[in-house]
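Order as written gives the chain letters A, B, C and D; numbering starts at 1 within each chain.
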Amino acid sequence: MKLVKVYVTLKDSVLDAQGEAIKSAINTMGYNQLTGVHMGKYFELNFSEDYENLEHDVDAICDELLANPNIETYHYEITEEA
Amino acid sequence: MKLVKVYVTLKDSVLDAQGEAIKSAINTMGYNQLTGVHMGKYFELNFSEDYENLEHDVDAICDELLANPNIETYHYEITEEA
Amino acid sequence: MKFAVVNFPGSNCDMDLYYAIKNGIKQEVELVDYRALSLEGFDGVLIPGGFSYGDYLRSGAIAAHVPIVKEIIRFADEGKLVLGICNGFQILTELGLLPGALIPNEKSRFICENVDLKVINNQTIFTRDYQASEIINIPVAHGEGRYYCDEATLMELKQNDQIVFQYQENINGSIDQIAGITNKQKNVLGMMPHPERALEKILGSDDGLKLFQSIINYQRVNN
Amino acid sequence: MPNKSSRVIAGPGEDAGILDIGDNQAVVFKAESHNHPSAVEPYQGAATGVGGIIRDIFSMGAQPIALLNSLKFGPLKNGQTKHLVNEVVAGIGGYGNCIGLPTVGGEISFESCYEHNPLVNAMCVGILNNTDFKHGTASGDKNLIVYVGAKTGRDGIHGATFASDEFTDTNNKQRSAVQVGNPFIEKLLMDACVEIIEKHSEWILGIQDMGAAGLVSSTAEMASKAGSGLVLNLDKVPQRETEMTAYEMMLSESQERMVLCVKPEYVENVLDFFRNFELDAVVIGQVTTDNRQYKIYHHDELVTDIPVDSLTEDVPEYDRPEKQPQRMIDDKNYHFVPEITSLKDTWMKMITRPNIASKKHFYQTYDSQVKANTLVRPGGDAGVVRIQGTKKAIAMTNDSNSKYVYLNPFVGGQITVMEAARNIVASGGLPIGVTDCLNYGNPENPEAFWELDKSVEGIATACEVLDTPVISGNVSLYNEYNDVAIYPSPMIGMVGLIEDIETLTTSAFKAADDLIYVIGQTADDFNGSELQMEQLGQLKGNLRDLDLKKEKLHLDIVRQAINQNLLASCHDLSEGGLAIALSKSAFENDLGFTVKTELSAAQMFSETQSRFLVSVKPENQGSFEKLVQEEFELLGRVTNNQQFTVTTRDTTFSLDEKLVKNDWKEAISCLMM
């Protein structure tokens, strides 16, 4: 069994409205060393087994569904399920 | 400069409706080895410098803001900024 | 009575609630800025619907960190009346003044509809003018309205009669069809449906009127 | 197009048009297309379309009160289209719900020609309480230019030219220019702008949205209107990204930004005012009057120095060749003859056609009630929003039927306007003005240009008859994919005034025994109909000329009947004709009807224009029939047995209301699964 951890983040040039709002909230709470916040999505995908095309499939799933290629990029790690 | 990566996920007891929906979408796309999807949030926090209480502060920020303890758990990694 | 409607950046039902008090039940009402430090002189605090801070991160999460909230907590702790509607309910759970959490609707879609609610507890200061088990029609408009709490909390809610409204049809996947709850002391009510949008027949329903009337009638009897 | 009436305070050329509605109030509205951005990035494209049209309204000093939208997609057959639809609808809802404006009406339709070229048109309506306010100009030496709102990033560089680029397989990968909306910031910006204009209009000389082509367009336009020059310092512009070039900053289409022209003595007040809303507000330049030059400094260097007017007035004008489409010549005398073997089966099929089935699956994701002023929500003919503190209400609608325009651009253009008018009138409103989105293919193609030309002429003649000036609008060309154009698709946004909300009327039957009438004659009008699409699977033939006099007469009759309180319900007849109108009127209150007519089974689906379906309380029969004279047919009665019982010239049948309604309600949800 495989666990794939996918991280989807906004491209650098794209406005991160949520990150900005969170950053100013954290600064208001008094944590002034914080200089930036980026918010993204995190997915855990469980696969029943390893197979040859796993990586290829994960790419396809990310491209087509989990990430919006217009505004987001992604990366992932394939791990053994605990 | 420090980069803190925070992962927030739903507690197991909370039904992850979005994860379920994504799972069935992926299965519909034909990837049948996929057995589960969990959706969470991913944050990158930039700090201007390392300081003694950094870890303590990150805990506080997660507890008070980034995660809702009623439904979510979190973990994080503190890394050197690239 | 004199009410405060607390205005957070991104609240958008603040004026609806303001007019509900001013024209609907003809009481004194003031908008209070989220940066204000005092709720002195008010008899009740109303937290309106909307998208405070864009609902970014989680609905109500960022609003729970602005200056006025300390005062709202004090106000609630003193047993005074606090009502949170929609985003207001979300803020109250984020503040811990009400148990549980409001998470994305089961179908992950925003839903705007007039729905039937059942009045489960008509013994609160907010619901005295309703009949027990009365079915009322009130609009909902939310994307994150699925009420969630753990089993132990649900037991407690039931034992203490804290469940005030239930959906007749479970539109968003809420646990136990919960649409509105109070705290243990019953002075804080949070609900997803919008009674302030149901004060006139011409808008589709006036079933929300009794909620506001309950509050002033209670005050009248108890003063 | 006609742009004058006694109500017009501002017409085309401004961010939005303004119409007087009495009591020192005015209604302000405009529609805009966001077709290409939505094709490329559906959620953000649709969302920023809504954001942009809202800014056009509040930059006029008006308080936005409602939103509408008109959407066209390919058939709901493949996952790609469904995804597109879901994302566009989510983007519209996401922005409108968050900013807190009710979406009260609109339309969604599906035809093959939109598969790669979806149309996303959005409209915003606002109320102006300060009718004296002068907007959009930058005048007076030393007056200051103030930037307010979101920071500038590299969003949408080249967006304005990109928007009108023809789509082909090869450049559909062009994906760098995506703008992302932030409705939260826009909410703050909207509240601040409305308040500053209502309470402190003496502080400011002009205010303008930074729309397409960004800072350059907006500031140059303001200076040009005032006949002045301008000096800007780009180093002062709030920036989200580092190392932006002057060029990028000037052309950035970052959303949620405004420019103001402010009197120097009030500049601190203005900056403080916006900062109190937690918005960035900075002085970025000033007005000059010594010469009419547009000068920009960046890193202490003069990077631009050109005449202001060279940026705004030198719009190239084209005189293009045009030619009547060949299909119109070929099919001139073709008449589609439907075949109905079972009226009952056809009825059930028609009710589930995506263009006819309930759109609630989509519009229930829009908050239609926020602000607690919505009297008629989506699902009726026009959306209706009351004006607080008065007896008045505004009725509004978005309409287009591109199938008709495709078959006959001139008549189709007229029909589009009249269909909008019927929706307004059926709600109890008087049509007072129009905005449009003109969505077409490549105008360099002579046939496409002919379609554009003739349909605009049709729109103009219809507006003339109604005395509804076209006070704003927008054009979207090059809607083609691999050289296949969309149908010519003008969208009409119409606004009507309801003087007294007591006269508000809705399309739903109210009570059993009420009499059902159709106003207007029914003929064999099947070309361009939904029945033709159902049975023939394609559009073909010509349209009959529209009798504008008759149309106007029927509109006037219905208005009078409503004003005399004679109608229990009123619904315009559109796609699917009488059968569909009867069904929809019955659904809301779960009533039935018994109807007997000399029409043929097929004519139940004829789409003859200028017709209304009304119901009348029995005691009003005499007064009603006297008023309408011979322009009606009595069809039957409303019943409470939840049966649709219909006898035509050639057939009779009965259907269970619950069954029909269920299919109508569920059809779209089923297709979207």
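What to note about this one:
Here is the rule we use: a contact is a pair of C-beta atoms (placed from the backbone, for glycine too) under 8 Å apart; a residue touches a chain by one contact, two chains touch by 3 or more.
Nothing here was measured: the structure is a model prediction, and the numbers come from that model.
The chain with its C-alpha centre at the largest distance from the centre of subunit D is B. Computed centre separation for the pair subunit B/subunit C is 30 angstrom, with centres defined by C-alpha atoms. Rounded to whole angstrom units, the spacing between the C-alpha centres of subunit A and subunit C is 34.
Shared interface positions of subunit A, i.e. residues touching 2 or more other chains, are given as 17, 21-22, 25, 29, 39. Multi-chain contact residues, meaning those touching two or more other chains, occur in subunit C at positions 53-54, 56-57, 62, 65. For subunit D, residues touching at least two other chains, in rising order: 182, 184. Pairwise, the chains that touch each other are A-B, A-C, A-D, B-C, C-D. Taken in their complex, subunit C has these residues touching subunit B: 57-58, 61-62, 65, 93-94, 99-101, 103-108, 146, 148-150, 173.
The part of subunit A that touches subunit B in the complex is made up of residues 1, 7-9, 19, 22, 25-26, 29, 31, 33-49, 51, 54, 57, 60-61, 64-66.
Against subunit C, the residues of subunit B that register as touching in their complex are 13-15, 17-18, 21, 64-66, 68, 70-71. Considering their complex, residues 17-18, 21-22, 25, 28-29, 39 of subunit A touch subunit C.
Those residues of subunit D that touch subunit C in the shared complex are 90, 93-94, 97-100, 182-184, 187-188, 277-278, 364-375, 377, 386, 388, 501.
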